[in-house]
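Take a look at the structures listed below.
You will see two complexes here that share subunit A, one where it goes with subunit B and one where it goes with subunit C.
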Partner chain A sequence: MTATPTYETRPLQCWGKAKEIRKQYYVDYASAHERGGLRWAGGAWTFGAIPCGLGDDVYSLTSEPYGASIAANKDFSMRCLEATERAGYARDLCSYMRNYWGSLLLDEYLWGGSFPKPDFIWQDHICCSHAKWYQVVGDHEPDIPQFCIDVAVGPEGAINENKLSYIVGQMHDGIDWMEEITGRTYDDEKLIEAVYQECRSTSLWAEICCLNKAIPAPLEEKTMYSLYVLGTLAKHSKVVADFYEELRDEVQDRVDNHIAAVPNERCRLMSDTQPPWGFLSLFRYLEEYGALSVGSLYTFGLIGMWEDKPDGSWGPRTTPQQQGIDIKDRDQALRILAAWNLSKPEWQHFYSPHLKTALMVRIAKEWHLDGVLLHYNRGCEGLSVGIAENRLGLIEAGYPVMTFEGNMGDEREFDLARTKARIDTFMETLGFTRESTSTGSASAPSRARRCT
Partner chain B sequence: MEMVISAQMTDKSEHNQEVRQILDRLRSRDNGRDTGVRLMIIGSEDDDTAFIRMVESCGATFVVDEHCTGTRYFWNDVEPRDDRLEAIAARYIDRVPCPSKDWVDRTRIPHILELAREWNVGGAIVMQQKFCDPHELDTPAIRKALEEAGIKTLFLEFDVTVPMGQFKVRVEAFLEMLAEEDLFE
Partner chain C sequence: MITAGIDMGAKTIKVVIVDDGNMVGKAMTIAGFEATESAERAYTTALGEAGLAEGDVERIASTGAGRRYAPHAKHDVSEVKCAVKGAIDLYPNARTVIDVGAEEGRAIRCTEDGNVMDFALNEKCAAGAGAFTEAMSRALEVKVEELGPMSVKSTNAIPMNAQCAVFAESEVVSLLHAKTPKEDIARAVHDAIASRIVSLARKVGFEPDVVLIGGLARNVGFVDSLQRALGCDVLIPSDPEYIGAYGAALAARAG
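Up next, the complex of A and B:
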């Protein structure tokens, strides 16, 4: 089978804006003190809408995207990893954590200057490392106060009022704690606005992912990584929600006009878990076979919020605004925020691999996939747990699966040549042959990719 | 260790009857050898009794532990309350936690230091089973606290199976080092 270009493709018009939002996020955090503002640190899954009640000059540094950004800078990453190992931490720990701690221990910020220490830490705990991540930060920076919310109350289908109240109670305590440590008065109206925006942005991201059900796919996963990341930075931000609305409209236009991410799309795949961030060229290598990853449970469900639609499909979760819900007070805002996050697809597999398999099979069917690439990611035990079970479930459902071992944030545990060899074999079994030239994709404007 | 594993697997009422009998016999039990160096073992889900026997064959005795399959399982009592479920819940909240639930502060460390002091340990072996992240995340802080309290530590890392020969060499060296400290006291 040859991969002759078929579809028109073009760069995303809003690509530059996405890059600018991301850059500004890191600048705003680092320079917050210059404007009298506050800095807080926490995971990408933490309830970031809640600190918004402290004011408009409160900026965050979410840890996983920061660890991933370091991973993409291999020289700095290696120095960070080694600094962490010198401090006595094991190499099989989360590689995002190890990159992050290394940056702290070296006192170097990836974007230049010394590491901008947070004024406080605001975290949640579902993966067994999440709270411990910042406990270790506290070992080295004992003056930074921290608060963490335990969200491990079970899968979405087993949530009840008692479980919800357990989380909401911690959120209320957390707000009291924030007022105490910052000396600021909490503004519930800002919280309510942030909850609205978080629901809006995370539902919009799911809507964007749904547009990738189209053939040809308007986006491919390497590009999606650079777009979904905004939700991992500030899902509660109006800037991010507005951007996702703009992106949704542009992607819809691509679908309407059959604008492809990969002009020679022949084979539709999905990946799983975080990719080896220093080796995203793998996705370009797939394109040489006319293959693309249309996404993954990871890319769709890390921040995207979903629900069953009346037609039986998986689609964006209906927001409180869309339901006509007018949030009146702090408690209602917190309950909505907690309930919203407990349905996060990427939280479900912490309770059973079978829940994840069901979601993956659903994606494989609805996004019309030909196969699956599973990353046995040594860098993230949380998202890799049960992945071998997922493989069996996908095979049972009729989808060819290729596995490869690697590490999202530690290049010493990824073998590019061997992984490419596996891809060669896998594509051959699927009946595809490799073209000699690369084709380009939707995101990289410097590359020739128009097929008109 | 074997008693704790029994407690984890058998009916509690049957187990308790056996424990009462063993406790009576322990008061007059002769170990049949010198105690040697009084050691503490700290770690995760390690039920390798062959390792314990190996270390104790080198001139030491584990006098106390802080293990998933050890004291952490049974340490604190249920304080009776009118509502029995509430009493059990209160005990779970107050118990020495699994490291995955031991945050924001590490409450295990003062407990470990207290055990070491009360049982008069001469050294501690910190066992780390790979891929149990919460334990790995505590290990540097635990070792630092023990060393600051004057208790030497030996850190052993294993991956499900214990490399007995290599560990024996390291344990012997550790015990020799502790003995040298006694020599120059």
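Up next, the complex of A and C:
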């Protein structure tokens, strides 16, 4: 059995700032009309940089993070889920979507007041649920105009100029449509700036994730959830890109000075797909074994943009700015934006679980993992489909795998006690015993620490 | 060395006393609401059967869902590890252990030296565990111990959807109303459980020898269905429900 180390640890200094940015995002969206601004809604995967061309007073509500935020508030989530079921929608649909619909049907915003309806919907179709999400919203709110971009053009390796043109053509149509429904004149300079910022923020997030290859890991995944989420809210925002730069510097400092996320780190794991948001205490339970999740394809690849580095490792994607590319017009900006997003790692496994397995094995190797926790997430078919196939691939590559069933957004489908018992068994098979007292994570201050 | 293993199962508590590798005493009680007290009673009974006093036992380990509340035990071991330890001690050629208790079914693949290679547990579904047979015997209005012998008399295979015990119970009621012979319904119940368990076994990539332990190993109907679904015979120890506790006692000896 591995001896228990004791690394120095300390809270993240920019933790409070991350919380503030997230809070401000939801406040800005809700209060946009008071300042004469516009509100739009769409998925976190959508091409969010494009509506930026309508002005600086345009605010979004990305649907999945909103559904996840609801899930973490169990009382409100239950009311939302029940409202959705009362309206006749089945329990086995995407649980983010059901939480979102419930909030709309109840006409209640998670942060108080009535549900702030968007002025328009700007969506893309990454999965079945994303295709249906706003169709149902439209059933209940028929006056909200919506535009959806079809992105089913295949995995990164199959993208060619014609397929790219198919996406870019829809983007051009979408801009014309936005001008028509808002009555505003579109500003290409603002689009170009947003594309630059999106490339910058998503490359920076990958750089931050890369720093977690260090032993001890400077971050653990429960903390990373609160950081990557900013990218899911507004990856095209300068505020988010600036924050990620600040975070990158702080995490680099932690690596340089061996500041650990978990002081007793001796077992490195990764998870997969969205966690059961109402039960993140599961990650603290791992720490009782000196175990931590250093991330996942989900936290690395949903927002992070990656590339093969000359030394063969997986690293942050070189941005257009770093390549010296000067974006001159709308079409060029849209082509860069489309190509950038279609090569997103988390996008690839919609086409084949084998692509995902290859990425997961790569993470397992480069992040020096001892095992993998796979969440058979009943709340998200899009990210869970093929996960049993991933399990086989990881086992074949020599990584022990534990699976557990649950649901990212519906607490009724998760069993905390049995999942902990399963972790006990898994850790035992890996040769780790539980320590009598938990030293706890220091990268994300506990509630008690934040209060003091 | 004399050791003891306490299996704090979801429904029953089993205690085994082992002296130099031989099971010299055993006892089982219903866990009830006061599981620690129930375990204490079982421990005293097992000691009595072995003709030993508390002071004679050098080490005690616990396992099972409530293993952290076991009296006397100095350390606890997972059900998976104990199942393998007990099974491989009795059957050194065992490479797959299937354990079906009251509330959980599990399949484990192990090495010849008793290390766990992979395991799969029944998810949130009662249809892969012993409690399912109890619910179905109530629906059929027969004693649970009659379900197995009744099942092997069946001549017809009837498909049953056993993803959920509640839905399965309503299906049994419908079959009864359709005048389906109870023997065929009993077999359908066991086939359904076996299907769930074999799914777990396939997940870990089962290979012979396969050892079946846990209370459901006493049910001849389930064993028949399981062997048919697996396509091979399974080895069943004489005290299948005690193997977890036995494994814990062996683990206690190892320290």
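Quick notes on this one:
Keep in mind that, in the parts below, the second predicted complex is superposed on the first by the 437 of 452 C-alpha atoms of A that agree within 3 Å, B and C clash if a C-alpha of one lies under 4 Å from a C-alpha of the other, contacts with A are read in each partner's own complex, and residues count from 1 in each chain.
To be clear about the criterion, a contact is a pair of C-beta atoms (placed from the backbone, for glycine too) under 8 Å apart; a residue touches a chain by one contact, two chains touch by 3 or more.
Only a predicted model underlies this, so the values are computations on that prediction, with no experimental measurement involved.
Aligning the two structures on subunit A places subunit B and subunit C side by side, free of any clash. In the superposition on chain A, contact of A:125 is made with subunit B only, not with subunit C.
When the two structures are aligned on the shared chain, A:139 is found in touch with subunit B, with no touch to subunit C.
Looking at the superposed arrangement, the partner reaching more residues of subunit A, out of subunit B and subunit C, is B. Of note, the Cα-centre angle with subunit A at its vertex and subunit B and subunit C at its ends comes out at 70 degrees, rounded to the nearest 10.
Applying the stated contact rule after C-alpha superposition, one finds that A:354 touches neither subunit B nor subunit C.
With both structures placed on the common chain, the touch criterion links A:258 to neither subunit B nor subunit C.
By the document's definition of touching, of the two partners only subunit C reaches A:405; subunit B does not. Legend: residue contacts after superposition of the two complexes on their common chain; A:413 is shown touching subunit C, with no touch to subunit B. Closest CA pair between subunit B and subunit C after superposition: 7 Å apart.
On subunit A, the surface touched by subunit B in one complex and the surface touched by subunit C in the other have no residue in common.
Contact residues of subunit B toward subunit A in the complex are 99-101, 103-104, 106, 128, 130-131, 133-134, 136-141, 143, 157. On the side of subunit C, the complex with subunit A involves touching residues 65, 77-81, 115-116, 118-121, 123-124, 203. Those residues of subunit A that touch subunit B in the shared complex are 87-90, 92-94, 125, 128-129, 131-136, 138-139, 146-148, 150, 381. Subunit A meets subunit C in the complex at residues 376, 388, 395, 400-401, 403, 405, 413, 415, 418, 421-422, 424-425, 428-429.
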